[in-house]
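First subunit A sits with subunit B, and in the next complex the same chain sits with subunit C.
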Partner chain A sequence: MKLRRTRLYVPGNNPHLVENVGLYEADCLILDLEDSVPIDQKFDARIMVKYALQHVDFGASEKWVRINSMDTPFWSKDLEEVIPYVQVVNVPKVESYEELDKLSEKMHEIEEKHGVEPRKIVPIIETLRGLVNAREIAKHERVVAMAWGGEDLTAELGIPKSKALILEHVRAEIVIAAKSQGKMALDTVYSNIRDEEGLFEYAKRAKYMGFDGVGVLHPNQIEIVHKAFKPDDKEIEDARKIVEAAEKAMQEGKGVIALNGRMIDKPVLERAKKILAFAEVD
Partner chain B sequence: MAINAVGRDVPTEINGQRFKPFAGDMKTPPEGRRAGSLLRMVPEGRDKVVDSIEEVIKKVGLEDGMTVSFHHHLRNGDFVVNMVMETIRKMGIKDIRVFPTALFPVHAPLVDMLSDGTIRRIEGSMNGPLGEATSYGAMRETAVLRSHSGRVRAVESGEVHIDVAFIAAPTADRYGNLNGVDGPSACGPLAYGMVDAYHADHTVAITDNIVPYPAHPISIFQHQIDYVVPVDKIGDPAGIMSGTLRITTSPSRLKIAKYALEVIDRVALRDGFSFQAGAGGISLAVTKFLGDLMKKRGIKASFINGGVTKYVVDMLHEGMVDVVFDGQAFDLDAVKSLREDMNHIETPLAMYGNPYSSGGIVNMLDVGVLGATEVDIDFNVNVNTHSDGLLLHGIGGHQEVAAGSALTIVTVPLYRYRVPVIRERVTTVTTPGEVVDVVVTEHGIAVNPKRDDIIEAMHGSRVPVYDIQELQKKAERICGKPEEPKTTDDIIAAILWRDGTVIDVVYKVKK
Partner chain C sequence: MVEAGTHEKGDAWVLIEPSERREVIVKSKLERLYGNAIRETIESMTSNIKAKIVVEDYGALDWVLRARVESALRKYRGEQQ
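Moving on to the complex of A and B:
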């Protein structure tokens, strides 16, 4: 199972930060062409990211690029440079399924040209319209996970983000939209990079909300989030028993999995497998 | 010139004095007896106070060509070296050999004294501007750099004879008992100055805190001090003591510290083990992480040799270590602990790592974690020069800790500012590869092939283990091949191994 507990944002215009990204063992690395790159550096950053994707050692991390949103003139040029080398395209401010279709079409064109496999998409829901359409967006075949951001959304509502109670609902809606389609749900970043305890609690909360990961802004946040997402010993032990019972049932050709006289149905087995994956147990 | 055991072409004569080429650690046995200082008559009266530095210089009879020594416990906050040397200059005394344990950027005023004839050479560590000026040829004679213990050996063997030792003393009484734990310029131990007090012909304490007799505790005793000179201030506390040192937040440095911790855990961590602590960024992180791990496992160390910081003191006071040996204190927590805790022991530098002695603390160390400016594929380490050839750092205790520790770890980034740190050949050899066991970088570690036991212990670890050649190539792949420093054939400094043999030289850098 591919884990996406952490996705580290790395500004695409800063070679110094890009060169060591593979060392920190984030599950996903996002070379960012959007918010961290000023408009007058979009071209340079795009080219730098293109070469970084080819030559920098990403270790075991999944290679992502956050392109510019589709209401800018940059997104298609971003795709042209990065599609041959990227694994996941992170798309900001997605508002509809149709938008993703348009993006997917452009991706297909470039993939065909370069003879590469179809790339995945992780849309970021950042607007009220996007939120309303989240469940449709999650249905897109390229989408493997859903992420969200609260800045634009709270601005639309005219409330400060730090006090916005609605964000708890947004979180829940993202989890429901993603999970109902069998996709991953990814929580947003914890921006105080010095507050290790706060981050740990935030990540724990995200985990029990149903998220599969959170965004990180600094490499030092990675280990803390991974710890927060690690199941406790009892969870691991229970999960191990369930998976072993399932394997035994399969070997014995039984259609029903039973453990301690209880029937184990599919979602419970899937949860057990997920727990073991998060415990980094084969 | 002769080729030494690390393949460097080194002189056999430096400043008119004969030196042997480096033959390997513990390969050159000592000769002769310990050197002594002048016998003196007990002074008349009960007061050794002299009112000014000029007056004391006249009393000790300092002349052209003599040798004066200083310790560096006041680090970059020191006022004593500059005030003494400025007085010597004003008095028109020339050709002085300055023999400090170390000099810092605050001692930049000495650069002018290299050219006006006051100083003929410096034999000691030169951190910053003096090293840089020397690299460009400012010093008339050849600088000589020794490790902490190498300096003790040089004094004890008579290789260097000190005419006058000027000892900065944060606290003194009028009869010459000194300590470093009290007073406005408190620095902790006076370990570096002890050998000078014992072996110099004349000894002068310079203090800004005279207390009633007897000053106590006593680090340097009255029978070794000839004169006491009160001055307004011997230093700036801000430069003497760091505030509480903070663990690095650099993710790559933290990665290095975590990899080093795993090596220690797999090779040396057990009840009763011992380690060398330091105040550098990575070293501090290793100390902190090691403390956390010991606490988790319920492991207690027998001793820590420092470089003492709050992190070490906390471990002592939490009962995680029996004894702290202190040759240098870096923060006020360390000073306070040295003053108050009898298990926090001030150690004379002669006890540290002198190879020509009956054994130093380093010989009892299980783990030493050290830094470097460069490391090469033979595990040789440079701590003195940068890749541009400039002499910018002293040796400190690097050589003896590396030679003495059962497990010597050198922690370095793979490259700095896109210049490889792991290279085919270091610019200057400070410490030979034969005493280095593991090199740890943020990309992974390399184990000296002679340490099969460590290679074995790292099996199954998540820390990537490479041949050192692979690390070197990795660095070159990222940064390109490093340029050679642009130097002339003129030797500006000699680097001595701790036994007094010549391990390398530093060449003049072209401007």
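Moving on to the complex of A and C:
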């Protein structure tokens, strides 16, 4: 099972920061072409990112690129450079299924040209319109996870992000939209990079909200988030017993899995497998 | 005249401007160690253009230098941002 507990944002036009990304052991690494790159550096950045994807050792981390949003003139040029080498395209400010279809069409064209497999998409929901359409957006075949961001959304409502009660609803809606389609749900970043305790609590809360991971801005945040997403010993032990019972039932050709006289149904088995994946034991 | 890259650590800054004759100028604190390698990279990517090419190296790895040279070259050939 692919884990996406952490996704580290790295500015795409800063080779010094990009060089060692593989050492950090984030589940996903995002080379950013959007917010961290000034307008007059967009051209240089997408070429830098193209080279980085080919020459930097990403270790076991999944290779992501956050392209510019589709209301800018940059998104299709970003795709032209990165599609041959990237694994996941992170798309900001997605507002509709149709928008993703347009993006997917362009991706298909480039994939055909370079003879590469279809790339995955993780849309970022950042506006009220995007939120309203989130359940449709999650249905797109390329989408493997749903992410969100609160800045634009709270600006639209005219309320400060730090006091926005509505964001709890937004979080829940992202989880529901993603999980109802069998996709992952990814929480936004915890921006105070010095507050380790706060980050741990934030990541725990994200986990119990139903999220599969959170965004990180600094390598020091990675280990803390992984710790927060790690199940406790009892959860791991229970999960291991369930998976073992399932394996035993399969070997014996039994259609029904039983443990201590109780039947184990499919969702329980799936949850047990997920817990073991998060515990990093197979 | 076009330029690419930055003056930050680990990066390279590249300038290309039209000129009557081809000229390559490399400035690097590591000139003694890497000057030839830097020149080889620039040569392999730009040998077909007659221009003044200035590269300031701030400890860039070869792939970073290549990215910056490609960026400058594409702008020099008229590609839009």
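Rule of thumb we're sticking to: the second predicted complex is superposed on the first by the 282 of 282 C-alpha atoms of A that agree within 3 Å, B and C clash if a C-alpha of one lies under 4 Å from a C-alpha of the other, contacts with A are read in each partner's own complex, and residues count from 1 in each chain.
The rule is simple: a residue touches a chain if its C-beta (ideal position, glycine included) is under 8 Å from a C-beta of that chain, and two chains touch if they have at least 3 such contacts.
These figures come from a predicted structure and were not determined experimentally.
*Asks:* If you count the residues of subunit A that each partner touches, which comes out higher, subunit B or subunit C?
*Replies:* C
*Asks:* First (subunit B), second (subunit C), both or neither: which does A:Lys234 touch?
*Replies:* neither
*Asks:* Identify the partner contact of A:Lys266: answer first if only subunit B is touched, second if only subunit C is, both if each is, neither if none is.
*Replies:* A:Lys266 contacts neither subunit B nor subunit C.
*Asks:* Going by the contact rule set out at the top, does A:Tyr24 touch subunit B (first), subunit C (second), both, or neither?
*Replies:* First partner only, subunit B.
*Asks:* Is A:Pro219 contacted by the first partner subunit B, the second partner subunit C, both or neither?
*Replies:* first
*Asks:* With both complexes overlaid on chain A, does A:Lys163 touch subunit B (first), subunit C (second), both or neither?
*Replies:* Neither partner.
*Asks:* Based on the A-chain superposition described above, do subunit B and subunit C contact any of the same residues on subunit A, and if so which?
*Replies:* After superposing on chain A, subunit A residues 19 contact both subunit B and subunit C.
*Asks:* Can you list the residues on subunit A that touch subunit B in the complex?
*Replies:* So the residues of subunit A touching subunit B come out as 19-20, 23-24, 194, 218-220.
*Asks:* Give the list of subunit B residues in touch with subunit A in this complex.
*Replies:* For subunit B paired with subunit A, touching residues are 249, 251-252, 254-255, 442-443, 478.
*Asks:* How about subunit C: which of its residues touch subunit A in the complex?
*Replies:* 4-6, 8-11, 60-61, 63-64, 66-68, 70-71, 74-75, 79, 81
*Asks:* For subunit A, which residues are in contact with subunit C within the complex?
*Replies:* Residues in contact with subunit C: 13-16, 19, 40, 42-44, 47-48, 50-52, 54-56.
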